[in-house]
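Lettered A, B, C and D in written order, each chain numbered from 1.
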Amino acid sequence: MTTPLDLLLFTAAATVAGAFALGRWRDIAWLTGAFYIAQLIQLTGLDLPSASHAGFTLFGQLVGWQMDGFGRFFAIITVGAAAAATAYMGGEWGERYRQAGHSLVWLHGALAINVLAMLLLLAGNDLIALFIGWELTSWASFLLMAQGGERALRAALRYVPYAMGAAMAVLGGIVLTHAFTGTLQFTELAQRVPQLENWQLALMVTLFGVGFSIKMGLLPFHLWQAPAYAEAAGAGTSFLGAISARMGLFALALLLVKFVSLTRLADLEFVSGLFDARDLIAWVAAFTIVLPTFTALKQNDARYLLAWHGIGQGGYMLLGIVIGDATGSAGGLLHVFNYATYQAALVLSVFAVLHRTGTADLNSLGGLVTRMPLTFLVMLMGIIGLAGLPPMNGFVSKWLVYRSLMIEGRPLLFLMTVIGTLGTILSVYKLIHNTFLGQLRLEHEGIREAPWSMTIPMLVLVGIGFVTGVAPGLPLQWVNDAQAALGLPVLPHTLGGVESSQGGLDMLWVVGVLFAGFGIGALLFYGVGNRSKRIHQLDNYAGGHFLSADVRYHYSDHFYAGLMHRIGPLYRGSFTRLEEAVASANDTLAALMQAWYRQRVPMLTLLVAATAGLGWMVLQ
Amino acid sequence: MSFAGILIELTLMPLVAFTIGLFMVLMMRKIAAKIQRRVGPPLLQPLYDIIKLYSKQTQTSHGLLHDIGIVMAVGGYIAAETMVPVPGMHGIADKAGLLTLAYVTMIPSLGLALGVGQCANPNGSIGISRALTAMLAYDVPFVIIIFGTAWFYGSNNLVEVVAAQQAGGIATWGVMQMPILAIAGLFSLYAMLGKQPFEIYVAPAEIATGPMVEMGGKFLGGLFVMQCFQLFTASAIYVSLFLGGGENWPFFIAKLFFIIAIPMSLAFLFPRYRTEDVLAAVWRWPVILGLAGVWLVMH
Amino acid sequence: MTDLRTIPVVAAGEERPSGGQGNLLARVFDELTAFCRSRSLFMLHYCTGCGAVELPPAMTSRFDMERLGIQPMVTPRQADILLVTGYVSTKTLKRIILTYEQMNSPKYVIGICSCTVNGGMYWQSYATAKKLNDYLPVDMYIAGCMPRPEAVISGLRELIANIRAGRSDYWRDYYRRYDHYLGNQQRLFGENWQTPTDVIAEARHYGLFGPETLGEHTALLEQHQTPLQPFEMRLGLKQDKGSSS
Amino acid sequence: MTPTDAPGHDVTTTLDFLLQEVDGLRTRWVAPRRLRVDLPAETLPALLELLKGRAGYVHLSAISCVDWPDDGQFELVYHTWSYELNVLVMAHIRIPRDPGVYLSIYDLYRPAAFFERDIHEMFGLWFEGSPDMGKFILTEWEGPPPMRKEFDGEAWVMEQFGWQEYRPEWLTEIEAKGGGISKRPEQLRGDKGEDGTA
């Protein structure tokens, strides 16, 4: 009898087949979209945990798939993001993408493969299934990154060594775990791993941690993500930005919380009593919040700015989970959902502007609010979410993370997150100002709003963001299932937010009062004040100068000059130099090996190597 | 809190905040005048200014977003006032703690930033980029204070914080128990008001009053109203955190005016900082004092 | 040499009809706004000529204009009074007219110094405009080859009294007789003289049309004026018929 | 030779000795430090190069122009100064009015560009080789070069502008007490007006 999970995996596979088989069909997007909606319905209807029959034994180890609350939470976001991306590709954007010489079939196919791979990863019930899902996801995301032109391919190729390194680290981790605990099933691992000695645990956490954080883009390994996610094709970027990096977070959370468990992690101490492994991860997450956000502040291309924010926001999620109390982990997990909604919407709006004006360079846009009002509305609500301001959902998850940091008493971490949020507010205003506000250029006066096929998915995404912002109780339901599945304390919540006398949050009241205030403000403005007359942008104060359309009267380049005077010297590109150092070390090592292996005495070295290997096997 | 009660408070608290704010603006201009050995404006001058601005017969707008920007600026603060507990009226302070209030007060400045953006005047854009840089500067010590007080009182809810301080009279005031934090709070309050040394975004000589460059009539009137709300909210938060909040109206108003008088009387003695010097000034001593205060509070 | 006495003279500005007998609330509201307009005047910080050196003393501690509610404001949008101080050279007059049209009404112009009255000591110069109210409606003249701050403040107090009594609605004249003013401006600056502010559209928007608003000079303006229609927010999904506005 | 002392015997001799090299000069010491040189127009560049090269006259402080309508000539005066000799040399030349063209000395002194541009705008004198002869200050002026003597500014003003009656009561009070303006502008013009053109 096929279980619901089998049905789900089958639908995902059918989507892939459908995408490739009927790729030429004009409205392929409707088909794949319908398939994703079907998967979404099956997912929400899934009663947890639901096992699957697709399984086999490998070297005496049972390899099977079973979806629990934690996997289901991520799966819903994945399929949702895929549905939005497909809807976006279906219309005029897809037509122009095909006319530009790129293959729309491969884009649809890559998206479908990504979804299938991620479902396999999320439903893994043992380390081998996890590794299969991990490799499939890693290669599928490479396929999606490589779509859309030569620059995208070059950025994707830069991701390959990182992906290979990650895969080797995870494989090494699995082999070590098997050697230490003798099992690969998640259930037994949860009991046996905490019993291991500290050095075994530290080795395991390092190997798995490095592998998973490469995919997630944590600080030392984050350099590949910005160009790869910015240069990919439009809809692909929104999917990648929304969920693809969070697979690393899923695996990392699984490792840290379910297997090693946060309390045991706290026993691995570097400085006894002061600084342990858990603090290290928390501080890496905190720096991941601040540094990429302030790198985003300096970007002059809208896609790169959003991609750098993708890396930064990952830090909030990991920090929330690592804090581990009910509020913090709920905040971290909810932030995955919230971030996916407004990041996808923002990327789609940037590509809508790119679709109409032909450029995403922030220094050659301006004043588009009167020409593309809907796209402006989407970007506005998106940046309110990204900056974490009340009416939108981004505020709820950030508030939960802050609240947990306050309850747990971590002042410096709290300070780092707030500096990250302030940096986000600065850079998102630069994004919306340089694109939509200021003087409209002469060549952009004839621009029209993006077509409905692009604006509807964006508006739906932002609508979800607003609804889950006003009533955070809805997504918190799924978050509670995920917390239960991970063994974290569950957060009691009402529809409006968190109820507590020490300072709760009730978004229904806050947003209600906010809009009531706007109503009174509008009454004051339109009722009490006299009529105003609209005037042209050149009828402006310029110190008595007569403005004319050919002279640019607009401030966008070097937007935070004052701030950059102060923090400019801190941008030394140290991580880029670190990456180059590692790359050059590899080159010299490879050259050495090649020289030693090929020129000296090839046969003798081969013989010595073979005997040493044989001897090691025998004595083992 | 019954729905009708909320509606009454939603209109009454902003009105009270506005009138107190008006007299704060008056006090500011009077202090400036007395320092410059001038007579200073008559008693109701701020009110005359606002009524005149709202009653201008022809007014210019640069578009729908310019109007909505001002509506958001005034409306955002009207909503924020309901989260600031005043004697007798608590509004929705218990449903939204101090952290939420700090974020709700950012909504008006975002609305203003959008409105000024559509004015398509580079003076305004430079003013907004400086205002956001100043916000980045003064929010760091402000957030440290939020953390310190939330940890000390064990609650983020202003109503409880005020109750905790009023339990033991003056001795249990925040300033008595957390003196260093209170000083850091004063620094950040001073920077938050954006008066003289930190007034980088309304620099009349450099960027023609920055965001206000294209604001006339009811637009400028809206910004004057927003200034009154801004003065009231900043001082009310400080008083609730460190000076025992409002046990009754006379004491509460006296404390509010005392707290606002300190930065005002210092403001008109200074010229204006450059933008990066505002960052340096606010990130050096206030942050060090704040962190020291938090360390003391936690140990 | 033409005799000074034979040159036609234009009266300073006709009287405003006394307040109508509207309903009580409207009259009280008008009374309040007139009072507040008189008690709160924002002076535009624009020094057009040499007379401006008398304004700082009028603002600072000795004479202190803030007692009267007068504050210097930086941009024309925020300002109510435009003080034209000192000689009005032709180049400066262009900027004065641009600034005047950018100000929100009710706006008042005070010509300080004799040069704005009849050209003052530069009356023979080819480069200065002689009579300010040829080019824009002037509410008040304060003569003197730089009047002292007391004179400036007494002029301002008289303006306040006029506003209080509602007699200072002379700014409407710019809209009602725009053709007359435009004619004078075109005579000085040439045929294709144009400011970014669309005065005729503004008059139409606020219903300030008078008999002389449109005439031969405005017809001349219509011919060559590049239309500065404000960008209305539009959804424009379908392709525009023809080029953009 | 310290620059501070008055031009002693040697300064005048060096200049007089130097100026002998250019013929057709008439020099006159107007003051202890000011030397007036009258020379024909074509020898001016030679004189300036000589002064600049041999006597340190690196500073051209101004070029002024005088309109002599009766002689039908423009008079150009080149004021140059040397920080070594500390003597101001004023070179006066006369050029005919009708073609009104002269050579630019921009290659010797950069500031000459602005002086020549100003003279062109005010007198209509064209300088060959000057970098920019466009409108300089009178951007709004379409009429003839205003500083030429034949241009009657007052007549142009009377034709272009109107006047207004300004008889404030404070003036009438003063006049009632016998004060006010002793000679009205009409009488002033009247005295001059009888013989001048109407």
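FYI, contacts are C-beta pairs under 8 Å (C-beta built on N, C-alpha and C of every residue); 3 or more make two chains touch, one makes a residue touch a chain.
Just so we're clear, the structure is a prediction, and the values are computed from it rather than from any experiment.
*Asks:* Counting one step per pair of touching chains, how far is chain D from chain A at the shortest?
*Replies:* Graph distance in the chain contact network comes out at 2.
*Asks:* Report which interface contains more C-beta contacts, comparing A-B against B-C.
*Replies:* Greater number of contacting C-beta pairs: A-B.
*Asks:* Comparing chain centres built from Cα atoms against the global Cα centre, which chain wins on proximity?
*Replies:* Central chain: B.
*Asks:* How many angstrom lie between the CA centroids of chain B and chain D, rounded to a whole number?
*Replies:* 62
*Asks:* Mind checking the centre-to-centre distance between chain B and chain C? Centres are C-alpha means, answer in whole Å.
*Replies:* 37
*Asks:* Find the geometric centre of each of chain A and chain C from their Cα atoms only, then give the gap between the two centres in Å, rounded to an integer.
*Replies:* Chain centres of chain A and chain C, defined by C-alpha means, are spaced 58 Å apart.
*Asks:* Residues touching two or more other chains, restricted to chain C: which are they?
*Replies:* 75, 77, 94, 102, 202, 206, 230-231, 233
*Asks:* Give the residues of chain B that touch two or more other chains, as numbers and ranges in rising order.
*Replies:* 55-60, 62-63, 65, 208, 213-214, 217
*Asks:* Hunt down the residues of chain A that sit against at least two other chains at once, touch-wise.
*Replies:* Correct list: 367, 369-370, 440, 531, 533-535, 537, 539-541.
*Asks:* Could you run through all the chain pairs that touch each other?
*Replies:* Here the touching chain pairs work out to A-B, A-C, B-C, C-D.
*Asks:* Okay, in this complex, where on chain B does chain A touch?
*Replies:* By the definition above, chain B touches chain A via 6, 10-11, 14, 54-63, 65, 67, 70-80, 82-83, 91-92, 94-100, 103-104, 106-107, 110, 113-114, 117-123, 125-126, 128-130, 132-133, 135-136, 139-140, 143-144, 147-148, 150-151, 154-157, 160, 200, 208, 213-214, 217-219, 221-222, 225, 274-276, 278-280, 291, 294, 298.
*Asks:* Per the contact definition, I'd like the list of chain C residues that touch chain A in the complex.
*Replies:* 46, 75-77, 94-95, 98-99, 102, 195-198, 201-202, 205-206, 228-240, 243-245
*Asks:* Of all residues in chain A, which touch chain B in the complex?
*Replies:* 367, 369-370, 380, 384, 387-390, 395, 399, 402-403, 406, 409, 411, 414-415, 418-419, 422-423, 425-426, 429-430, 432-433, 436-440, 496, 501-506, 509-510, 513-514, 516-522, 524-526, 528-535, 537, 539-543, 553-556, 559-563, 565-567
*Asks:* Report the residues of chain A in contact with chain C in the complex, numbered from low to high.
*Replies:* Residue positions touching the partner: 367, 369-371, 373-374, 440, 445-446, 448-449, 451-452, 531, 533-541, 544, 546-547.
*Asks:* Which residues of chain C touch chain B in the complex?
*Replies:* 32-33, 35-37, 39-40, 45, 60-61, 64, 66-67, 69, 71, 73-75, 77-78, 80, 102-106, 202, 206, 230-231, 233
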